[in-house]
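The following blocks contain the structures, represented as structure tokens.
The same subunit A turns up in both complexes below, where it pairs with subunit B and then with subunit C.
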Partner chain A sequence: MSPLITIEDLRVRAGDRLLVALDALEVGPGECVALVGESGSGKTTVLNAMLGLTGGLRVSGRVVVGGVDVVGADERALGRVRGSAAALISQSPQDSLNPTMRLGTLLRRVLARHGVRGAEARERTADALRSVLLDPGLLRRYPHQVSGGQAQRFAIATAVALRAGVLLADEPTSALDVTVQASVLDLLARLRREQGVALVFVSHDLAVVSGIADRVVVLRDGRVVEAGPAAGVLGAPASAYTRELLDAVPTIGK
Partner chain B sequence: MLSADRLTLGYGRHRVVHDVSLDVAPDAGGVAVIGESGSGKTTIARALLGLVEPVRGRALFEGADIARLDRAGRARYRAAVQPVFQDGGEALDPRMRVGASIEEALRMRRGDGPTVAELLAGVGLDPGLAGRRPHLLSGGQRQRVVIARALAVDPRLLVLDEPTSALDVTVQARVLRLLAGLRAERGLGLLLITHDLAVVAGLCATVHVLFAGRVVESGPVAAVLGSPAHPYTRALREAVPRLGAVHRPAGRPDAPPAADGCPYRSRCPLAVDRCATEPPALEAVDGDRRAACHRAGEPG
Partner chain C sequence: MTAVDTPPAAVRHRAAATHRLLRAARGDLLAAAGAAVLLLIVLAALAAPLLAPHPGDGTDATHPAQALLGPGGDHLFGTDGVGRDVLSRVLYGARTSLTIVVSVLAVSALIGVALGAVAGYAGGLVRDAIMRVTDVFLAFPALLLSVALAVVLHPGVQGAIIAITASWWPWYARTSAVTAAAIRSRGFVDAARCLGVPHARILLRHVLPNSLTPVLVQLSLDAGGIILTAAALSFLGLGPQEPTAEWGLMVQQGQSLLTTDWWVVAFPGLAIVVTAFCFNVLGEGLRAVLDPRREAAR
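And now, the complex of A and B:
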């Protein structure tokens, strides 16, 4: 099957400073690729480049998402990519929801912006809520009236309702309690299995990554340190830096 | 040195902590309070720092009520107990270079102390950062400045509220190693407030697990984490991500606590009729371990 995301020779610069150099990356349907690294490693910049969210930065190369090369694309083309081809799942979705609107209104507006209205919108909403295990009564609430875990499920439901082929998840569980984190990770894994949704998962936590990723790309200072199947990179890391990240994972048994 | 004596805490008419007792002392291993968002753990820390007036019970420093310390007692308290909050960087004076902030704290100390450069290096920061103002540092760098500043006073005890949850795992590991070293070498007392069981294991000897403002299990870390007696502790333990292990959570991890009977019954896979009518008391299970569960110790 053809990849949902293809990156070739991506370079992101701030002025003359090279922030990211990524020669090649492909994400296929149902696949989960993790971008791993510390703050400043460029992992979020790569994710933002996939949605053309690189205002003020100089971007070159090819970043093809859902058939559209987002490098140099105009806002109209980007609008088609964002949400429907690939949807962003941020660390604290509550911060990006308009606090004066009920969740139901927010979801209706997002769907309308992508041309989904009326009975079709209602049907997709009901299906999406069911697949993320949220009670439809939640749609009457305002963003501040739901928990962090519920807000994250709602963000994922929005992506599901838009039929996004790829979820771009930026530390999606690091603001959540561990028990809620486990249930959100389980939800993401289930969406991959049942609906073939692909996942680009940005995290600094290799223990979280090891439970969900097929492939891992380790980034440091914007460069790829190591990349490959998750079992290999995490089980037998080739670079000292990956080992350092692995050693930093706190364990109960230690 | 620092004690909660049957503390009940709240805001207005709303109660968030019920009848919690614990003791923290230097040379005794760290003490952890574990719970999720809304469990009341931060409010306990705030009461022990004298920032929240108890509804019932007392917050004690060296046996004296913190709310009623005299001038000398207050000065001793400030020299002995230092707080580190999750967003501690917000508390740095934005106009002061971070080196000056740390020097200010060093002046509170009696006798010779480390230099600013040594303190910064101790938390894994480049001593060259001393000349910067806080807004030019990352969140993780600011948090480490706050820890360096707290250590500059040479406290006997740190009250740490989620000190590393905003940090990268590598920086977290470094800060945890630093704290474990200070505890081992200088007997620094630690009260660690966290939602993350994994950071407790290397740092603390005693743990209190909090759910809906009540201690549901407490005791030595090895016993509580090794073989949890309360189903909530078990759920927390199983939810910790492990390398190479995929966890399939059961039940409803974000169901709100039940209003009557056992508060955990709304999520509990073991709940029976009795749990709806009779709140379980915190009772001895084995050794120094106590749990508040009608089915404590039964195989889960």
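And now, the complex of A and C:
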């Protein structure tokens, strides 16, 4: 199957400073690729580059998402890629929801933006809510009336309703408490299994990453330190940096 | 501005609004009482021709033979220097004062919020240009600016409205510019921009509804101040002119009679105090309901 995301020779610069140098990365349907590294290692920048969210930065290379090269694409083309080909799941979902609109209105507007209206929109909404295990009654609520976990599920439901092939999850669970974290991770795993949704997962939490990722890309200062199957990279790290990151994972009783 | 990161006023529309206001009314008796008295004043102003014992006195009738009769009998609040029924004139005066308040608030809010939201959302040069203009208006003491403008304009209700509005709108522009700037950096605005939603629509749908709360509270708090400013202008002879009934004007005309015929000044003065006070307690009450911190504590 053809990859959903193909990155070749991606270079992101701020002025003369090279922020990211990523020679090759592919994400296929249903795959989960984790980008790990310390703060400032460029993982979020790579994620943003996949959606063309690199205002003010110089980007070169090829970043093909859903058949569109987002490097140098105009805003109209980007508007079609964002959400429908690849959807961003942010760290703080509540901040992405306009507090003056009910969740139902928000979802309807987003779908309409992507050309999905009427019966089709209602059907997709119902399906999406079912697949993230949210009560449809939630659509009548305002963003401040739902919990962080519910808001994150709603964000994922939005991506599902848009039939996004890839979810770009930027620390999707770090703002949630541990039990809610687990349920959101379960949900993401189930969406992969049942709907073949691919996942690009940015995190510094290697415990979470080892539970969900097929492949891991370790970044430091924007460069790939190590990449490969999750079991290999996290089980028998080749580089000292990865070992350091692993050692930083707190273990009970250590 | 702390009001930014919590659900703003527009959330509370329709059913939710009624419910919330009812709950707030129970919680804040003073504000509720203020609102009730204001409602009575508005109704009295609307029904002035029906309620006034001598409707003609509210406009241009004079009865020099009945000048300066004390309160009681046919004239509950007494009569003024040219024999007009003070009660009738206080009732008609409510119309003038409320017209001024509502007009000033509406026009100021419209200009202020529109300019402020654009300034805050656009940022950069646009913001600088708009904010410098508001700064120029704010550079003068409010009452001084109003007085100066009222002198230049033709004295009257319209002149008073324009003069007061000129010194009032910059506050709303400032308030909403700050809120809009804070909202601009929120995730949902970024999201809308990323999806290619046009700026005008983002302003209308995402920025404006979320920046109304502070302005709403400000409006109700300011209403009292506008009543007082209007009264001050009239008192200086720069507001509505004879024979229009207006509270400030009535106080000014009666001031020389204060020691002998107190009722000519006392009743319109009381009307000013009561109305301004009611607007203030209502504003305080609204602020308490809409204050995010108090809501979070519930």
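Throughout what follows, the second predicted complex is superposed on the first by the 253 of 254 C-alpha atoms of A that agree within 3 Å, B and C clash if a C-alpha of one lies under 4 Å from a C-alpha of the other, contacts with A are read in each partner's own complex, and residues count from 1 in each chain.
Keep this in mind: a residue touches a chain if its C-beta (ideal position, glycine included) is under 8 Å from a C-beta of that chain, and two chains touch if they have at least 3 such contacts.
Computed from a predicted structure; not experimentally measured.
Room for both subunit B and subunit C is found when the two structures are superposed via subunit A, with no clash between them.
In the overlay built on the shared chain, the residue A:A238 is in contact with neither subunit B nor subunit C. With both structures placed on the common chain, the touch criterion links A:T179 to subunit B but leaves subunit C unconnected. When the two complexes are overlaid on their common chain A, residue A:L18 makes contact with neither subunit B nor subunit C.
In the superposition on chain A, contact of A:S39 is made with subunit B only, not with subunit C. Using the contact criterion defined above for the overlaid structures, shared-chain residue A:G148 touches subunit B, although it does not reach subunit C. With both structures placed on the common chain, the touch criterion links A:L57 to neither subunit B nor subunit C. By the touch criterion stated above, A:S210 is placed in contact with subunit B alone, subunit C being left untouched. When the two complexes are superposed, the chain touching more residues of subunit A, out of subunit B and subunit C, is B.
Of the two partner chains placed around the shared chain by superposition, neither subunit B nor subunit C is touched by A:A73. With the two structures brought together on chain A, the opening angle seen from the C-alpha centre of subunit A toward subunit B and subunit C is 70°, to the nearest 10. When the two structures are aligned on their common chain, the gap between the nearest CA atoms of subunit B and subunit C comes to 6 Å. Across the superposed pair, subunit B and subunit C touch subunit A at no common residue. Taken in their complex, subunit A has these residues touching subunit B: 38-40, 147-150, 177-183, 185-186, 189, 204-208, 210-212, 234-235, 244-254.
Across the interface of their complex, subunit A is touched by residues 6-8, 10-11, 186-188, 190-191, 194-197, 205-206, 209-210 of subunit C.
Subunit A contributes residues 51, 53, 75-76, 78-79, 82-83, 90, 92, 95-100, 110, 113, 142-144 to its touches with subunit C in the complex.
Every residue of subunit B that touches subunit A in the complex is listed here, in rising order: 36-37, 138-140, 168-173, 176, 195-199, 201-202, 225, 235-249, 253-254.
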